[in-house]
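Each chain carries a letter (A, B, C and D) given by its place in the written order, and its residues are counted from 1.
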Amino acid sequence: MSFVKIALLGMLIVCALGVSFTRNLLTSLIVYMAYSLMMAVIWMLLESPDLAITEAAVGAGITSVLFFVTLKKIHAIKGDKDHEQAQK
Amino acid sequence: MSKRRSDWEQRPQARFLRWMRDGYGALDDQITTSISQPAAPRPDQEAMEAHDILVGTHRHERELALDRLAHYDLQNWANTRGRKVLGRLYAVLALLLGLILIYFLLNTVAFMPRFASADVPANNEVIARYVEKGLEETGAINIVAGMILDYRAFDTLGESTVLFIAACAVLILLRIDLDDHGQPMQQLIAEESDDRHYEPKNDRILQGSAMVLTPIILLFGIYVLFNGHLGPGGGFSGGAILSSGLILYLNAFGFQKAGRFFTYKIFMWVSFFSLGFYGVAKAYSFYMGANGLHSGIPLGTPGAILSSGLIMPLNIAVGLVVACTMYIFYALFRKGGL
Amino acid sequence: MWQALYDNLEQTVAVILFGIGFTILLLQRNLIRKIIGLNIMSTATYLFLASMGYIQGRKAPIVTDGVTDLAAYINPIPAGLVLTGIVVSVSFTGIMLALTVRLYRRYRTLDIDQIALLAKGEDMA
Amino acid sequence: MTLARNFPFFSILVCLVGSVVTSVLKPRAAKALTIIIAGVVLVLSAFTLRYALALESAEPFMMGHFPAPWGNELRIGRLEALMATGISAVLFITLLAGFYHMPAFVSEKKLGLYCIMVDLAMCAILVMLYTNDLFTAYVFIEIMTIASCALVIVRQNGHTLVAATRYMIMNLLASGLVLLGISMLYGITGHLLMEPLGRSVRHIVETGQYMEPLTVVIALITAGLAIKSAMFPFHAWAPDTYAFAPPMSSAILSGLIGKAYIFLLIKFFYRVIGLDVIVGTNVDSVLFVCGVSGMLMGSVLAISQRDIRRMVAYSSVSQIGYIYMGLGMGTEAGVAAALFQMLAHAAAKSLLFLSTNELVSVSGDRKRFHYLHGAGYRNPVAGVVFTVGAMSLVGIPFTGGFIAKLNLATAGMPMGGWMRALVLIALAISTLLNAVYYLHTVVSLYRRAPAEIDYPPSHRVPRHAAAALVISMLLTVYLGLGSGPIMRVIEAGLKMFA
């Protein structure tokens, strides 16, 4: 069992817990993105390049983009124009 | 009858029943309402009006008023301390449930076949045939592609259908209806506060890098798509990469420009042709296989780009469905239409 | 038991992640976090499944140099199943997020219980 | 090598390709196509049933060129064909009777999308009935989940959005459990198709190795499918969903989709694990207890409702309880009784949801009971149909529900002490409770309408819809009168099943 793998698996758990304990939605989303990318690396280590490429493209890519659009729609991203409008 | 009924409403049995009804939802959902949410002020005046109506003559108005009162009661209760305690209790229970689940699953894992060893039950005659005969029977170098598009093609057909149906569900949810002239209803747009007002932003850095990156991303996506049977990748990842290229273009140049080549009609027709092709091609091969006939599709030389029978066209069909679905997800989230 | 868990470390981590995702799904009131929890839960299952196919010292199931020997490649089935699963979960994420957007537009909050209460109140008003 | 053995595959294909074609049609054409597809599926299923009745043993159908442990497979047996015929008949009738009032709930532009959902829900139900592969079943479970969510949200108001969100959360949780169960099962057996899985499981039971994971697998998959089919303690999402969705969707959701999950569970018990192993792990007792408490609690909650559609929705919970009670007896007779109850409930429930909508719409869209006074006179067909449906669910002779309860009681007789007593007592109490709320409703339908409420001018129900309602009523009565052959098919089918 290589050190890298143990570290990655440990980080997965930390990220998963982090999603629940961060205050800001944007932060938890970014933590989740990191989680997805680490998952892609782990799949590479498990000799499944098909999965790694799909997870990187779909899981970390498209899913996160969809999340970001949603956050923008619900004015959860600080500093954008909508957010200020929503505050007024 | 009605008089007795209103008496009855006051009695403990009726309260119990009301608790069963309202409290039913209350027990499993309202308990956990955010503590931080500001309490909705009890609308005293409205409650007074409700009382006024209560002494009115019409029975259905009275019923409605009773309901309204019950609702205010519920909301009030929802913001009292007892509620918070129950909320904590629910949280603790949920946490406990999660921990118990983890404990049981960990116990199970300890008894699972040993990781990474060759004598696990999964290492059986099934994968022996996939690995040893896969190249010969499907013609695909990538055994995974051969497996999901030939041996177990029905699953993959179902999976493409999942994407299609998901796109349709999001269309139901987010698409802004067009009026009779084919224009989106203005009032709906205003209501839904979409992004059309901010389009396009004309950011030079974004547009410049998109100019460079979009063709590269699209090219890479096409490469992955066409190489699904020769190496890692295939329909799903290729389609996702294609759609990310399209999304980048859309973000940089706005809906006006993207709408020139990608409309709702095009989405529907592309999905129609890809899924239809997929369905018909696989139906043909299922039918032939089930009735013991030879499908007569040449497998070609393994390793060549035009090989492995139907796998490459099917990959392309899947990729198109994936790309369309992802793009339409994004477009619908942004502005409720294409 | 601890030794067995350490030997199956991938699966151990996978079920812990599954439990975490499950708990987030139950515990969090915020819809966005619920959806993230859902995703964590499903990726954990995929990790569990994928770890079942790995065999020490074998390569990814892509035929190289025409070698079609069972001892050369890992199990391709879990990879195929997980591929299906990933696509299914992105579809679900899309639908759930769309529901979230609609609910937010209507009720201006992401708290599912608050929303349920507001929806109940709608009839009365 | 007859053509008839391809019919299950053809019926699945017709739904699938039909849904794709529907996506490019205009709403009116889409509607027509959906009804035609349902009709075609009904005909194909009936022919399959005829074919299956002549079979000695169940027949696998390869999806592709590769046999059992390698490729996907369907399986044609009597039970599958019978269920497919029953379900497609109910669906066809539901579509005929329900489509004409969909414009009241769905905007014209989205009707086409709704038709896609109906087609794909049908496709998924058929696959769940016929498939011989656990992972295929999982993929189509997901299709079914999305389709049913979309069937709810086509009517876009706050209630349906909240109900659909709840529905999705619970169902996705359940999907996660099912998928984890399937992957564990794959890990300990190395198979995904049901026949080789069954062999491996028997091997595991004999040797005792991996017995612990197997128990967990059974628990996970049972829990997942139980949540999805709204078994009692997990039913919290169901009543709202059924009550607020458009009536046709409610009929499909409660009458048909829930049944497909239960059928898959029965398949899992019989063909993958083996009923004796299930009895050994006591999962059946848990199901039995949940079923009995569902029967009672569902009825009690239904009595406390003041809105007729919520009442019908809660009565679903109680009827699902009957099915799980039969399943939980752990005997062949119990499972057969549960299967018959599935058919009887599918027929009666879709009828109830549809006729309820008719009754409510002649009463000015107000669902409280006292508005419904006299609704039976304002729309005589719907009144009679509702009465017959209610009679069936209460268990009055000459209806399907009566035979179902009779079968359950008969199946309960040979059981050991407390279980037999519990079955009989629960059946008696639950019948009484059902009678309380259904008969109360029927009586209030035929009361004199109060003078102070002005009702909308009565609209004409289209002939085909009225005819469909009457046919579905006749179906319920047929299940009560001609139950002998059906029970024989079910029993013979169960023997073929394992």
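In this text, a contact is a pair of C-beta atoms (placed from the backbone, for glycine too) under 8 Å apart; a residue touches a chain by one contact, two chains touch by 3 or more.
Computed from a predicted structure; not experimentally measured.
Taking the mean of all protein Cα atoms as the centre, the chain whose own Cα mean lies nearest is B. Centres computed as Cα averages put chain B at a distance of 24 Å from chain D. Here the CA centre of chain A is 38 Å from the CA centre of chain D.
Distance between chain centres (mean CA atoms), chain A to chain C: 12 Å. Multi-chain contact residues of chain A (touching two or more other chains): 49-50, 54, 58, 62, 66, 70, 73. Shared interface positions of chain D, defined as residues touching 2 or more other chains, are 135, 139, 142, 146, 149, 153, 166, 180, 184, 186-187.
The residues of chain C that reach two or more other chains are 9-10, 16, 18, 20-23, 27, 51-54, 60, 62, 77-79, 81, 83-84, 86-88, 90-92, 94-95, 97, 99-102, 112, 116, listed in rising order. All chain pairs that count as touching, in label order, are A-B, A-C, B-C, B-D, C-D. On chain D, the positions that touch chain C within their shared complex are 135, 139, 142, 146, 149, 153, 156, 158-159, 161-162, 164-166, 168-169, 172-173, 176, 179-180, 183-184, 186-187, 192. Per the touch definition, chain C reaches chain A in the complex via residues 6, 9-10, 13, 16-17, 20-21, 23-24, 27-28, 30, 32-33, 35-37, 39-40, 43, 46-47, 50-51, 53-54, 58-60, 62, 74, 78-79, 82-83, 86-87, 90, 93-94, 97, 100-101, 104, 110. Chain contact summary for the complex, chain B toward chain C: residues 25, 29-34, 37, 64, 67-68, 71, 74-75, 78, 91, 94-95, 97-99, 101-102, 105-118, 120, 122-123, 126-128, 130-136, 141-144, 147-148, 152, 155-156, 159, 162-163, 165-167, 169-170, 173-174, 191-193, 231-232, 234, 236, 302, 322, 325-326, 329, 332-333.
Residue ranges of chain A in contact with chain B, taken from their complex: 49-50, 52-54, 57-58, 61-62, 65-66, 69-70, 73, 81-82.
For chain D in complex with chain B, the touching residues are 1, 5-6, 9, 13, 16-17, 19-21, 23-24, 61-66, 69-72, 107, 109-110, 113-114, 116-117, 120, 123, 127, 133, 135-136, 139-140, 142-143, 146-147, 149-150, 153-154, 166, 180, 184, 186-191, 200, 210, 212-213, 216, 236, 240, 300-301, 304-306, 366, 368, 370-371, 450, 452-453.
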